[in-house]
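Got a structure here, written out as structure tokens. Questions coming.
All chains are identified by letter, namely A, B, C and D, in their written order; residue positions are counted from 1 within each chain.
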Amino acid sequence: MAKALNDGLRKALEDDPKVVIMGEDVGKLGGVFRITDGLQKDFGEDRVIDTPLAESGIIGTAVGLAIRGYRPVCEIQFDGFVFPAFDQIVSQVAKFHNRSAGLVKMPITIRIPFGGGIGAVEHHSESIETYFAHTAGLKVVSCSNPSDAYWMIQEAVADDDPVIFCEPKRLYHAAKAEIDEAPTPLYQARVVRPGRDVTVVAYGPTVSTALESANVAAEDGIELEVIDLRSMSPLDMPTVLESVRRTGRLIVVHEAPHSFGVGAEVAARVMEAAFYSLEAPVLRVTGYDTPYPPSRLEHEWLPNLDRLLDTVDKILEY
Amino acid sequence: MAKALNDGLRKALEDDPKVVIMGEDVGKLGGVFRITDGLQKDFGEDRVIDTPLAESGIIGTAVGLAIRGYRPVCEIQFDGFVFPAFDQIVSQVAKFHNRSAGLVKMPITIRIPFGGGIGAVEHHSESIETYFAHTAGLKVVSCSNPSDAYWMIQEAVADDDPVIFCEPKRLYHAAKAEIDEAPTPLYQARVVRPGRDVTVVAYGPTVSTALESANVAAEDGIELEVIDLRSMSPLDMPTVLESVRRTGRLIVVHEAPHSFGVGAEVAARVMEAAFYSLEAPVLRVTGYDTPYPPSRLEHEWLPNLDRLLDTVDKILEY
Amino acid sequence: MVQLLTPEGQRVEHPDYPLDISDDEIAALYRDLVLVRRIDTEAIALQRQGELGLWASLLGQEAAQIGAGRALKQQDMSFPTYREHGVAWCRDVDPLTLLGLYRGTNLGGWDPSSNNFNLYTIVIGAQTLHATGYAMGVVRDGAVGTGDPDRDTAVLAFFGDGASSQGDVNEAFVWAGAGNLPVVFFCQNNQWAISEPVERQSRVPLYQRSSGFGFPGVRVDGNDVLGCLAVTRKALDDARSAQGPTLVEAYTYRMNPHTTNDDPRRYRLGSEAETWKLKDPIERVRAYLTREAKIEPTFFADIDAEAKKLAEHVRAGCRELADPTPESLFDNVHVTMPDELRTQRTEFTEFLAEVNS
Amino acid sequence: MVQLLTPEGQRVEHPDYPLDISDDEIAALYRDLVLVRRIDTEAIALQRQGELGLWASLLGQEAAQIGAGRALKQQDMSFPTYREHGVAWCRDVDPLTLLGLYRGTNLGGWDPSSNNFNLYTIVIGAQTLHATGYAMGVVRDGAVGTGDPDRDTAVLAFFGDGASSQGDVNEAFVWAGAGNLPVVFFCQNNQWAISEPVERQSRVPLYQRSSGFGFPGVRVDGNDVLGCLAVTRKALDDARSAQGPTLVEAYTYRMNPHTTNDDPRRYRLGSEAETWKLKDPIERVRAYLTREAKIEPTFFADIDAEAKKLAEHVRAGCRELADPTPESLFDNVHVTMPDELRTQRTEFTEFLAEVNS
């Protein structure tokens, strides 16, 4: 996925001279995950900018660049370090277009390597998507495979609205995959495995967990339909509802803490729109309501195959 | 309510010499809402501290004071200005106890006047509770009447865990009310009006909207049971569930934007725990998924009597 | 402290800030000062009458704002806080444009690029980073240090003494210093951040803040329009010619309450304002013009008449600023409205129709 | 730049920083330097063997850390980043205590008050505000400026050159300056913030940053343990006696990659490290001791033996750091566990029992 993102960013830089990449260590180093590898060399220091070490500054100056007509792509080095920039994101990036009565655009993409599973120290494994999904004016997406990574990053950069682009860091170096010939629209969910018994909604890093569970469940004759949400805000409810109306059962999977997460919103919307189709309550397989644990425990904390299958059993008992 | 909070804070300062109040303009001015009026005069500049104008600094230094054994009560002047402190709150205040394996306590109370309805300019009417409710390690409460204000602020300050204390600013100068003789436990919801037809869950500023609606609905013979949540995190689900099991219908009301809000979490939990009791989907009456509007439109945007009654009609149609 | 016009209206020279200015030009500045004060007075009255929800008065800070504002060239960009009505004036922004956000009919709603005057920013300090980022854009556009006076562009960022404590402002200094960016930071030290005196923010003069970030700082008499003009002009020139940023501290005083909501009797003595009244930014220019310049005998009366007309424009125009339609709640949240928001709007419109039927 | 011991091991004097130190004391510092380097070497090896997930090496920064750490009095409090293993050593923190967070068995988990050494802080700059707040507490406790050497307390906050750009660090300067707080900011300018040279953060030396906040800054040779000791001691003395804060910039070099994850060949020349090797913090003390001091003939060998033992302690102890139990996931989130979290724990335990059965 790292390569796909790198290719996608390169394409974005080529396609529009107003695109600039900025962040800590994105230049010479190519980012701590090498997502911007080689881009400064090829596009110059003016377009791929090593910034001072201050996240509010990165986003705040991106806002100014956007006012001047640029299209900044900001890298936040790790999920846990987006918080110093929180104010600039929720009070400026998210609201500027609205404040200006539509006269100013904020075509800013904020790339955030997110989620756990890489054995890291504190603050390097956070799931930050819900904070932004709850913020009006922002769009929040996540890619779960190289092809989406390649296309979605380009679509996000080309979008005239600000996009929080959550990259599942533990998949950066996952096996290569084919790149689709054409992109799927950015804010559209995708059924990645059809099934008739239970709908499983996932995004980013948990899509692979869901698919894996579907394989195992299939051995027991249980067919999970796996949906890759791709966009957490806006939510592509038609795709989710179409599925749930068939299966009558829905499980939402995410790494973010259980409470007040994406799972709750999907559950609430599904209940509202498909109340009589539901044969069981929507269940959630998520991180717990605790800080992200020390890495030796992270695999207990993260949604995993066993927990998901266990929940499948539970939901089928209704 | 302003007076009740002031009395409660005074009591907290008297009860524990380690309590210090800090924030912008909290001293000589007594805060822009006069919540700390007279406290600096009576307790001195060492205990009621006018800080420099920087919210991250306020919370960051409070963390240090807590490490030194103090019990800081921080005032954030308006909801929209908590975001510069977001990093210190979610990465330090919320996590420090956990990081230290329980060896350090963070008995910090962060008071935030929140919500709309006062005709203010941008950033002065935000609903910020969900961001904190989604953050493990924090507790989030809101008072809806003077008696609760008086007791809850004292309970929050006395709590050894960090508490985000959301004060419904538009009720600051609402009619006086009796102060109860004894406090209700801080994290307990309260049925503020019993009813058999529909449960309405509200907190902070929307409790009065819910009660008002209940009065009007009662004229049509519809009995709403109104629950004041009081604590958004943790959620007192037993109280909510007991009610919903009787009424079969639940509406959640809050000012915060619709999506990914407290309503979604309550809905998801109720569905999970009382699936077969629900005769209708949980419905939400909330702010819209837009930035808080210019004040001339705020009463269209905010949950109000009409919208709530309309939703009552809807939920009874199921 | 740089001063080119004393409170008594004496022109003085400063070796670093020679100012070649005609009496006509000074008279024009006088007109600016009077007119923006009048806008301010009118807005306060409108707030009292309930036409505005709030107003942040510039009283006492006219010279700082006009001096800075008149130093700008057409192509320069400016980033105000919520108090720079005088700068707006210099940028040819109709005062009515500023009223919407204080009336609550919009959140600003003007186009920053029309007059190179950014939207008012309420979150303290945030705009200094926007200005800095904008300056990065200027550099990338090759609009700095070319020597072409119509092309080289500077950015002027306003902030207050209280704002100097915010992380964002200091990060803006970091960026500007390390990047040698064409941005001038203009701090109106009006001595107060609501109820807190500037001593709560710093024990040394604020203009000194920049040196540790690698660029110069200068304190100017913020009630001296000539001083403010000269100092800002020099700083903007430096910026445009790729000499990097400057911090200007305009030493002034907030004569009025923080906003119309505030009650300064709770925290400061009235005598303080009395003292500062002696340094009034307008009186000194009037004294100078009266004594030293050849002005038309009707000059002052003409300006008063103009001010009166302006006041009428503000009064009448303000009352005409219409409330937005309820449906507009959903406008301009995004460039492309997501379906889910469209659904909310539909439900809302249906609900309105129902309620109103 | 203050320097009291040259790279060649020559004692030099500095008028502002007289240092009355015996050769025994210098020998003790040498021992510290050698032992903390050994801890570091060992930790890197443990990371390679998979026993640690990550390590942030202090190589090259031993003198800065030992000099600063040894300037602390018992009652002083210290706030490290994630790299101050040398300071931990001076505070009598068992090196094994530091390993948990790098091994992933805990998030730190020590008690800051046991050794007056705060938990490691990973969010860049955040700890400088904690230190400042702690200093506010010290003042409120009346533990400053009393003249009682066992009571007066200072706070020492560590941060890096990169961190100097963070809003939080500058806000800490605001608070400390305006409040005249007993806190010393100790910046290890190791020239790099991961791949970014210090020039990306500032075009002027970092020690100058404090002047605009109203307190002094001083640059010291960060590879000179005597210089670091003297400068920090003086700064801490000032703090304890209510003279307010100081910024110390220890000019040094990060000899190793940023962490064990980093690959510096991508962004800096190996020759840079070669040059800095000539300024090695340990070699110069060894040279001094060898040439000038009356040390036991077995002195160096004894320390090497001690280092070897320490290394064994670290190696063996690290391997014994047990994984936490799964149930502990729910511990210490709150002082009082809410029911809803208790329910999550119960479900989790039941699930575990099921899976393991």
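Just so it is clear, a contact is a pair of C-beta atoms (placed from the backbone, for glycine too) under 8 Å apart; a residue touches a chain by one contact, two chains touch by 3 or more.
Remember, predicted model here, so these are calculated numbers, not experimental data.
Between chain A and chain C, the least number of touch steps comes to 1. Centroids of chain A and chain D (each the mean of its C-alpha atoms) stand 36 Å apart.
Our note on geometry: chain A versus chain B, Cα centroid distance of 30 Å, whole angstroms. Per-chain CA centroids place chain B at a distance of 40 Å from chain D. In chain A, 51-52, 54, 56-57, 80, 83-84, 87, 91, 95, 98-99, 122-123, 136-137, 233, 235, 259, 288-291 are the positions where the chain touches two or more neighbouring chains simultaneously.
Counting partners per residue, chain C has 106-108, 123, 165-168, 171, 174, 178, 200-201, 333, 340-341 as the residues that reach two or more other chains. If the chains shown are joined wherever they touch, the resulting network links each chain directly to all the rest.
On the side of chain B, the complex with chain A involves touching residues 56, 80, 83-84, 86-87, 90-91, 94-95, 98-99, 122-123, 130-131, 133-137, 233, 235, 256-257, 259-265, 267-269, 271-272, 275, 280-284, 288-291, 318. Chain B contributes residues 20, 46, 49, 51-52, 54, 56-57, 59-70, 72, 84, 87-88, 91-92, 95-105, 136-137, 139, 159-161, 187, 234-235, 237 to its touches with chain D in the complex. Within the complex formed with chain C, the chain B residues making contact are 24-25, 27-30, 32, 50-54, 56-57, 80-81, 83-84, 119-123, 258-259, 288-291, 293-298, 300-301, 306-307, 310. Residues of chain D that touch chain B in their complex: 77, 106-113, 118-119, 123, 126, 128-141, 167-168, 171-172, 174-175, 178, 331-336, 338-341. For chain D in complex with chain C, the residues that touch the partner chain are 164-168, 170-171, 174, 177-178, 180, 199-204, 208-214, 217.
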